[in-house]
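Written out below as structure tokens is the structure these notes cover.
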Amino acid sequence: MRTYLAHVELANPITTAAGCAGSGAELAQFFDVSRLGAVVTRSITMAPRAGRPTPRLAETPSGLLTAVGLQGPGVDAFLAAELPRLAERGARAVVSIAGGSVAEYTALARRLADAPGVTAVEVNLSCPNVADLGRVFARDPAASAEVVAAVRATMRYDVPVVAKLAPDAADIVAVARACVDGGADALALINTPLGMAIDVDTMRPALAAGTGGLSGPAVRPLAVRCLWQVHAALPGVPLVGMGGVSTGRDALELVLAGACAVAVGTALFHDPYAGLRVLRELEDLLKERGFERFADAVGLAHRPPGAAPRHRTDLEESPL
Amino acid sequence: MRTYLAHVELANPITTAAGCAGSGAELAQFFDVSRLGAVVTRSITMAPRAGRPTPRLAETPSGLLTAVGLQGPGVDAFLAAELPRLAERGARAVVSIAGGSVAEYTALARRLADAPGVTAVEVNLSCPNVADLGRVFARDPAASAEVVAAVRATMRYDVPVVAKLAPDAADIVAVARACVDGGADALALINTPLGMAIDVDTMRPALAAGTGGLSGPAVRPLAVRCLWQVHAALPGVPLVGMGGVSTGRDALELVLAGACAVAVGTALFHDPYAGLRVLRELEDLLKERGFERFADAVGLAHRPPGAAPRHRTDLEESPL
Amino acid sequence: MLTTRRVDAYHALTVVAPGIAERFRPGHFVTVAVGGPDTSMPARRAFAVHDVKPDYGGTVELVFAVRGRGTAWLAERRARDTLDIVGPLGRPFPVPRDPVGCVLAGGEYGSASLFALADTLQQRGCRVDFVLGAASADRVFGALRARRMGETTTLTTEDGSLGLRGRVTDALPAVIADARADVIYACGPMAMLRGVTAVAAEFDIPVQVSVEEAMACGYGVCMTCVLPVIDDDGVTRMVRACVEGPVFRGERVRFEDVGTIPFDALGAPGGRAQEGGAHTRNVG
Amino acid sequence: MLTTRRVDAYHALTVVAPGIAERFRPGHFVTVAVGGPDTSMPARRAFAVHDVKPDYGGTVELVFAVRGRGTAWLAERRARDTLDIVGPLGRPFPVPRDPVGCVLAGGEYGSASLFALADTLQQRGCRVDFVLGAASADRVFGALRARRMGETTTLTTEDGSLGLRGRVTDALPAVIADARADVIYACGPMAMLRGVTAVAAEFDIPVQVSVEEAMACGYGVCMTCVLPVIDDDGVTRMVRACVEGPVFRGERVRFEDVGTIPFDALGAPGGRAQEGGAHTRNVG
């Protein structure tokens, strides 16, 4: 089940989602992480970050709200310790980066540019833009494009740059298009939409940070919708899908919508083996359906199988 | 548990959500609908509408995707038959309106202006704007404001105009502020975010319309977040909260975030009595917590109860 | 409180529900909450009522096939579990005042709702003939009971594993002719109902069909269960299967247009109505 | 497969889990999936292992209080239901090489994890004294067993319904003094652990505390379970309770700062690090 992330070949389409697989070492206790298509790291920042106060976690119906705040060791410690360990384990490492300004993303790219073992760079655009009153990059096509262009210009030409988008944009296609125009080789969607929970006993926000990112099965319909819209508008752009995948059927749903790789995030919290299980289930489902090549399934739901009147699809963009 | 929607008093804060209570007659088979704070009608359009093809329904984890397409009788039949029946039953009727252009909303407001028994008008802004290539009004602060201003100018001064917003805006506060500046007396949030499901057996979209609106418990964290952000920015504006409410605890969560009335939608599909049950449960919870006036609970989660270090809330708008 | 048993490819589930049993008429359905209190499945599932009995104040029996997660959960219920069930819902089968000849056609689990109907019809002196079909023998529901109740009973399977090889509609004309039937009742997949309605038209006799559309509420508020039906005034409207149906006069249902909005339906797009013209009305 | 029983305010649940039983050491915890296959609760729930037994190849016993929906669901499990359980997880209690005097302090269900520890300690020749407390008598867990095992056992309740009126920390100094204890082990609510650590500091003896923080994964990947702990190099880091803990040396835990990011923690905001400066580093 080979697949391509831009020109980079992955042995299979299942990866971990950024920020959901620790340093890689935790999963490696359970299985050989080189069996995954790739391991996507947590989003690396320039400086070490302590993250947000606790509570960082609240459960919602079929979802998880988290506000970790990009806790991590900073790029230097990452390059010194985490990345080499991933390489030693034979894992393909996609490095996610996060910053508060174009300059910070650029500086991160510069550090990564010479580092061995970087299969691709994923640009986490769900970060507050310090220069824009903390407005999140991913909601602004121009700001997103600027970050992507800077990273693309800095990274080695043979390392794909993947822009990661969030569903709470007014027009996800506009952001996607801006990123591709800015030089993104692929797109990853979706990051967590902003959510919140209030504890009705303490009568205060359940998370110390107030709001948090919503992940898990609850957001899968948003992920499918974003993938569908972006694949329809930009059929040539490779998409990495994520959001609420915990079974092979879920992964197939994202593939049919347009994803050529699928990341597993929250499901790993429930089951460290979730990635391998999803992969096996996906393989079985594709076999059952008679696919010879994985690529034939990618975006298939967009191509009507002849005239099937019960499934005529008119895509006017209104929820009602 | 009296509450106020702008200057209009409601006997209690629980209403039905637009489009989730049919014509009102269906619920009236089960109980006296005048016991609800108000009945919000489906969104009324100028002409009768047949809506979208079927399948119109797909279930997702803790959510429902629907694409009904505003099927309804049109404003004339509504005024001739549905609205008078609601009045006869003693229900307070909040009339939801939907259009494809500012002119259509204005025309609807004109019809409603002289109609007896309109407690408030709710402006459903999750409609494609024909003049803007079908872009949904609610994603565009200026377009939303224009619609609200036109409706406000047309309706009788003593009938509150409620603008209903959706979470898939880049900046919900900007849309909210624009609507208030345009003359909205209150805001309702949230309408359904756009979602999608693909049937992995047919390998086609599960809904005939492709995308649909996501409702039910899965979206409650988005509703709480939107209410929280808008109440924080515009504390004087009355908010009607909705999105995934099926128990009194859920309703209280929205009230603590800032809602002075709470609408029940998808939960009615599961239980026609859901509105009354939620009301009773909410009353009990408020009593347990020692509230004497309902208004004291509205937005309470914004007001820190002294220095509670575990609950210090820093609201930077990033999901991570 | 309930009991469960397997019947070939199906599960039969009996629930004590006096309120439903009392008001039940053949053709009614119920909706069932699935997944328990912490369920991730917010939509109720609809099932035809197979039988009601006076035991324990009134019981209701459902027959169902496992299709997805909801029915899989239901299939795992055990004696004495409780079930959250709403009903009776829908428009039941209309029954003739006079003793006429009736053919009852059932496909797959659709047969389940025909036996209570047969009972009522026979009490009114009607002759009842059954035609039951399915893909294979284990999916033909109620063959024994049909043989006991019906004047004649014809079985069809697509793989020929029971009765005639073929479909219900293949066998139907001969049964109608032999029984000199005055009316047909049918319950089963949409394609079968369409075929049965065509046969009825050939014989120029009325047919009542019970349709199955995905439903979120079951009592008329959600508008998800619609199909195009020609009204008394000749106008096609998108009507709700849950309250205007599930039983319709077959010739009124525009089977070929199910899953679409026919261009001539009231409020159909194409008329300027759906384009958002402010002062137009589409009179369809 | 499991059995359940009520123990005062708690539920005890025994699961056959040979893999976990085999690797278990006192202080380990497990995580349990709740709500069944169609659950709306995606997060596992963490529970300390109370006991392991060799029966059926190895069983694990948990003791829990019903708090919310997940534990309510668990409380309804019946004999022979199956449970999805992961473990053993976390850093267990370190045990001394030499036979020393140990006071084991438990609050509420926190007592549950102390008996396996007491067993191990006694096998090594340690003296064990218990101080167990809770709000009320029915919430003191394991009093009988403590009386059987401990050199002495002191019970405290806040309402005075059992043992001394007061808190564990009120009774602790006398117990330490009388037993001439060399080390304290504690498991219970954060406030109690803080108090116990303060008492240990007064006596200048080491204390091992087992903390409880909300956890999503339990094995170190989600970063939700952190608390500020002073590292060997004197630097405060936000460390994970699930893999670096749940057992910590009490004096290393910055109890007064739990639920915050101390300004001097590595990577804390305020340092330009979190403001997004591109080339700065916060060395905390």
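Letters A, B, C and D mark the chains as written, and numbering starts fresh at 1 in each.
Here is the rule we use: a residue touches a chain if its C-beta (ideal position, glycine included) is under 8 Å from a C-beta of that chain, and two chains touch if they have at least 3 such contacts.
All of these numbers come straight from a predicted model, not from anything done at the bench.
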Query = Going only between touching chains, how few steps reach subunit D from subunit A?
reply = 1
Task = Go ahead and name the chain pair joined by the largest number of contacting C-beta pairs.
result = A-B
Task = Average the CA atoms of each chain to get its centre, and name the chain whose centre is farthest from that of subunit D.
result = C
Message = Nearest whole angstrom, what separates the Cα centre of subunit B from the Cα centre of subunit D?
response = 45
Task = Find the geometric centre of each of subunit C and subunit D from their Cα atoms only, then give the gap between the two centres in Å, rounded to an integer.
result = 57
Query = Taking each chain's centre as the mean of its CA atoms, how far is subunit A from subunit B in angstrom?
reply = 31
For subunit B, residues that touch 2 or more chains besides their own = 19, 52-55, 61-63, 68, 128, 208, 216-217, 310-312
Note = Among all residues of subunit D, those touching at least two other chains are 40-41, 258-260
Message = Quick check of your reading of the touch definition: is the inter-chain graph here a line, ring, star, complete or other?
response = complete
Query = Which bits of subunit A are touching subunit B when the two form their complex?
reply = 19, 43, 52-55, 60-63, 65, 67-70, 98, 124, 126-128, 134-136, 139-140, 166-171, 191-198, 200, 202-205, 208-214, 216-222, 224-225, 228, 244, 249, 252-253, 256-257, 285, 289, 300-301, 304-305, 308, 310-320
Request  = In the complex, go through subunit C and note every residue touching subunit B.
outcome  = 33, 40-44, 86, 213-217, 219-227, 237-238, 243, 258-261, 265-269, 271-282, 284
Complex interface listing, subunit C residues touching subunit A = 40, 258-260
Query = In the complex formed with subunit D, which residues of subunit B make contact?
reply = 61-62, 217, 309-312
Key: Complex contact set, residues of subunit A against subunit D   = 19-22, 26-27, 29, 42, 45-57, 59, 61-64, 66, 68, 71-72, 74, 76, 99-101, 103-104, 106-107, 130, 208, 216-217, 266-272
